[in-house]
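When the chains are written out, they are named A, B and C in that same order, and each has its own residue count from 1.
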Amino acid sequence: MNPATNSGRALPWALVTPALGWTLLFFVLPFLAMGFSSLTAHDGGGFTLSNYSQFFTNPAYWQAMVNSLQVTAIVTLVSVLLAYPFAWILAEQVPERWQRLALMLAVLPFWTSYVVRSYSWLLVLAQNGVINRALTDSGLFTEPVQLANTRLATITGFVHFFVMLLTLTIFANLKQLSPSYRKAAADLGAGPVRTFLHVVLPLTLPGIMVGAFLTFVLCIGDYITPQILGGNNELLMPQLVMMQIGRRGDFPLASALSIILMAIVTIAYLSCARWLKIERA
Amino acid sequence: MTAPLVDIRAVSHRFGQQTVLKNVSLQIEPGSYTILLGPSGSGKTTLLSILGGFVTPSEGKVLIRGEDCTTVPPAKRPTTTVFQDYALFPHMSVGGNVGFGLRMQGVDAATRAARAREALALVGLAAAFDKKPHQLSGGQRQRVALARALVVEPAVLLLDEPLGALDLKLRRQMQDELKAIQKRVGTAFIHVTHDQEEAMALADHCVVMNDGRIEDEGPPERVYARPATRFSATFMGESTLISGAVTEAKDGTITVATQTGSFSLPGTLPAGMAVALAVRPEHLVLGAAGGAIRLGTAKVSDVVFQGSFKRVLAASENDPALHFIARVPAAAVVQPGDIVAVSCDAGDVILLTG
Amino acid sequence: MRPSTVAKVIRIVSGLYAVAIYGFIFLPVGVLVLFSLQATSFPIPPFTGPSLRWYDAVLADTRLTSALVNSLLVAALSSAVAVTLGFLSAWGFARFTLPGSALLRGLITLPLTVSYLIIGMGLLVLFNWAGVPKSLLAAGIGHVVINLPLCFAIIYSQMGDHQINIERAARDLGAPEWKVLLLVTVPVMAPAIFAGFFLSMTFSWDEFVISFLLTRFDTTLPVEIWNLLRSGLNPKTNAVGSLVFAVSIVLVVFFELMLLRRKPA
């Protein structure tokens, strides 16, 4: 069939081997090394399960996971709820010729440096930042309010990022929808509200699920945002992992915590898996 | 006759700078099967969108059952559309799709299911009720789209190139079914196509469109036998066109002078008027023993065997601009390069002024 | 008319909502840029008038400028490697039937579903054991790991049957395999290759945690900015952040224009 297939198996393997090799050497092997490391003791002893048992017995570690899951769940939910209407407005209310520009503007801060984005929220939320200044100047409050170094600050920073990301993916979803679905619904007597509820929303739901999953994965593994905005008042999992490396050089415990974090993501993936596959007519 | 079911009055439409419909008026009778036939860009699909309420015309009015529907949204008017890509909702079952319009009307679930089943039975798909659209073939999806549009009992059903996505054999088969279903339900169908065979097979009333205007309309037999314009003479079936001018008009007979001779024909046009004579391929006679109208000799340029007949193309030796298209029996002996006499009967000549 | 009233209400509510979201999105960036332009030692209100003092300070800071060069270097090189490996493997998988193809493709895209933190941790543990020192090269290797699946996925998804037929036509006309690749496949796939490279560049340019874990003395810009942050609110951070933002915008606008220019064809 394909003329090149006759020339032997060497060429195709030569093409795919570098990528496969890289993935095996720098992704699979490190993961195995991390798995192995997680089963050793920090002080150089032999095989042990203590790194894992610590997680389940030490309430501080356990709490970090609970915090992470709570923050991630809130961030994912709030981001989807804020981004969906926004994407809908961009896709349906903004005139066609301005849509590209409107979307580009909506995600422009997405392209600032990740570290800088969290830092700029600190400028807004700090004790002497913009919001507190506005609150005290207006006379609503006499004392500055504690906004930075709180869970609310972490969530705000995350939501800011994921609203942009989800607006992009949901917008693409809405635009991919064939206009004849909407026309057909209107033709059969559905008004704008029912067209949305019965046709547009169910058809974009798989896309929302993909976006929400992406949000979950990126959010639960992020170190920067909670570290800069949340401070050390309450720890999230990535902060806990980094703390083991930074302060104590405890690679085995850090490895075990990373693997537990990854297991959570895998469980999330498996539970959404049927949503992430899409049937198309 | 009572008032027409659909009355399109002097509708024009522009997309930006481009005028796609120019002062179109058309009436549709109840229970009729109307075909809008034309090449792409002729405005036929825009006209259908205006009927369906998806486009509001720049000028003019649309009356359905005597009511002004020009600005009424699709949901509120007694029309439904079968879309070119069917637009079946992929997340609903076939039954859910067909029942959708009834659900929007607030019909209860049991009645809805019963009526959806009836509609599916009408199109021969009773067994598909619980399937998803992606499990059906193209022809089956087309039928579901038809059932979905019919179940709400519209006054007018609009079909936008409904057979365009099907292969030739299936298309011919669906044609017959569409016609049979239309006769059974008695709803007026308005169907857009660029396929003239489809038009001739289906239409009670055929509307030929070109460049935003209606060129010709009437029963397909009439449009074929007596096309009103050059365009409809060549778009709905082929014709040989001979240009000329009226030189004499007397007692219901005119004389038309062309580069290949002068002919007397029945007619009442004034002298000096430019006209064209159109002759259908099956009416041209090749060879010495021919009809009364002698069209000179021509050199055969191409012979195409088409099964039951041969299609012959020949260039006139008298008029370099004139190319004959003739149809001869499959057994006839004719080859490229042959010089043949061409003629026809006076009764088969179509006199065109447009 | 009722429907038009509904439409009007929807329009007004939509407008207000859009303004609110745009406000939320631009608030921190606006504050960042605004206070980078004041001369005082703290980037806090009230705003005391424009000054480029802190931009001068940034450009005079060799640690920051060399970190910037490092970042660009790591981004460009790691993206080049990622897009090359991604393209070759996408071509291999799209054109030939290989045993276990679906599984192997899954393996290549697997890193997409794993947090950068975990990828960085794994490499840190491995390099620590293997005795590989922390360096920009180590960070670059990590960046290829995160960007290779992205490049592969983008390019693989764009290699349709249409492209296969174009290549067949070239072979049919006598082109040897390497000429097919160079004269047909690469030009035809150029938009996908470019998109993969551009996205990799931005991800690598912005990546923090892998660089943080795998570099020591010479480091990338995000890590250097992180070091600045330890001193709290600092107008120099505002200035460098604004500069990064400006560079990113120029890149994005450039990318948009490239895309728009291709479209009408």
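What to note about this one:
Operating definition for what follows: a contact is a pair of C-beta atoms (placed from the backbone, for glycine too) under 8 Å apart; a residue touches a chain by one contact, two chains touch by 3 or more.
The structure displayed is predicted, hence computed values, not measured ones.
The busiest chain interface, judged by C-beta pairs in contact, is A-C.
The most distant chain from subunit A, with centres taken as the mean of CA atoms, is B.
The distance from the centre of subunit B to the centre of subunit C, with each centre set as the mean of the Cα atoms, comes to 55 Å.
Averaged C-alpha coordinates put the centre of subunit A at 16 Å from the centre of subunit C. Of all residues in subunit B, those touching 2 or more other chains are 73, listed in ascending order.
Touching two or more other chains at once are residues 3 of subunit C. For subunit A, the set of residues touching two or more other chains reads 191. For subunit A in complex with subunit B, the touching residues are 178, 180-181, 183-191, 194, 198-199, 202-203, 279-281. By the touch criterion given at the top, residues 52-54, 73-76, 79-81, 83-85, 87-91, 100-101, 103-105, 132-134, 141, 148-149, 152 of subunit B touch subunit A in their complex. In the complex of the two chains, the subunit C residues touching subunit A come out as 3, 6-7, 10-11, 14-15, 17-18, 21-22, 24-29, 31-32, 35, 42-46, 85-86, 88-89, 91-93, 95-98, 104, 107-108, 110-111, 113-119, 121-126, 128-129, 141-142, 144-145, 148-149, 152, 168, 171, 177, 202, 205-209, 213, 221-222, 225-226, 229, 233, 237-238, 240-241, 244-245, 248-249, 251-252, 256. Residue ranges on subunit A touching subunit C, taken from their complex, read 2-5, 7, 11-16, 18-20, 22-24, 26-31, 33-34, 37, 82, 85-86, 89-90, 93, 100, 104-106, 108-109, 111-117, 119-124, 126, 128-130, 133, 160, 163-164, 191-192, 217-218, 220-224, 228, 238, 241-242, 245, 251, 254-255, 258, 261-262, 265, 269.
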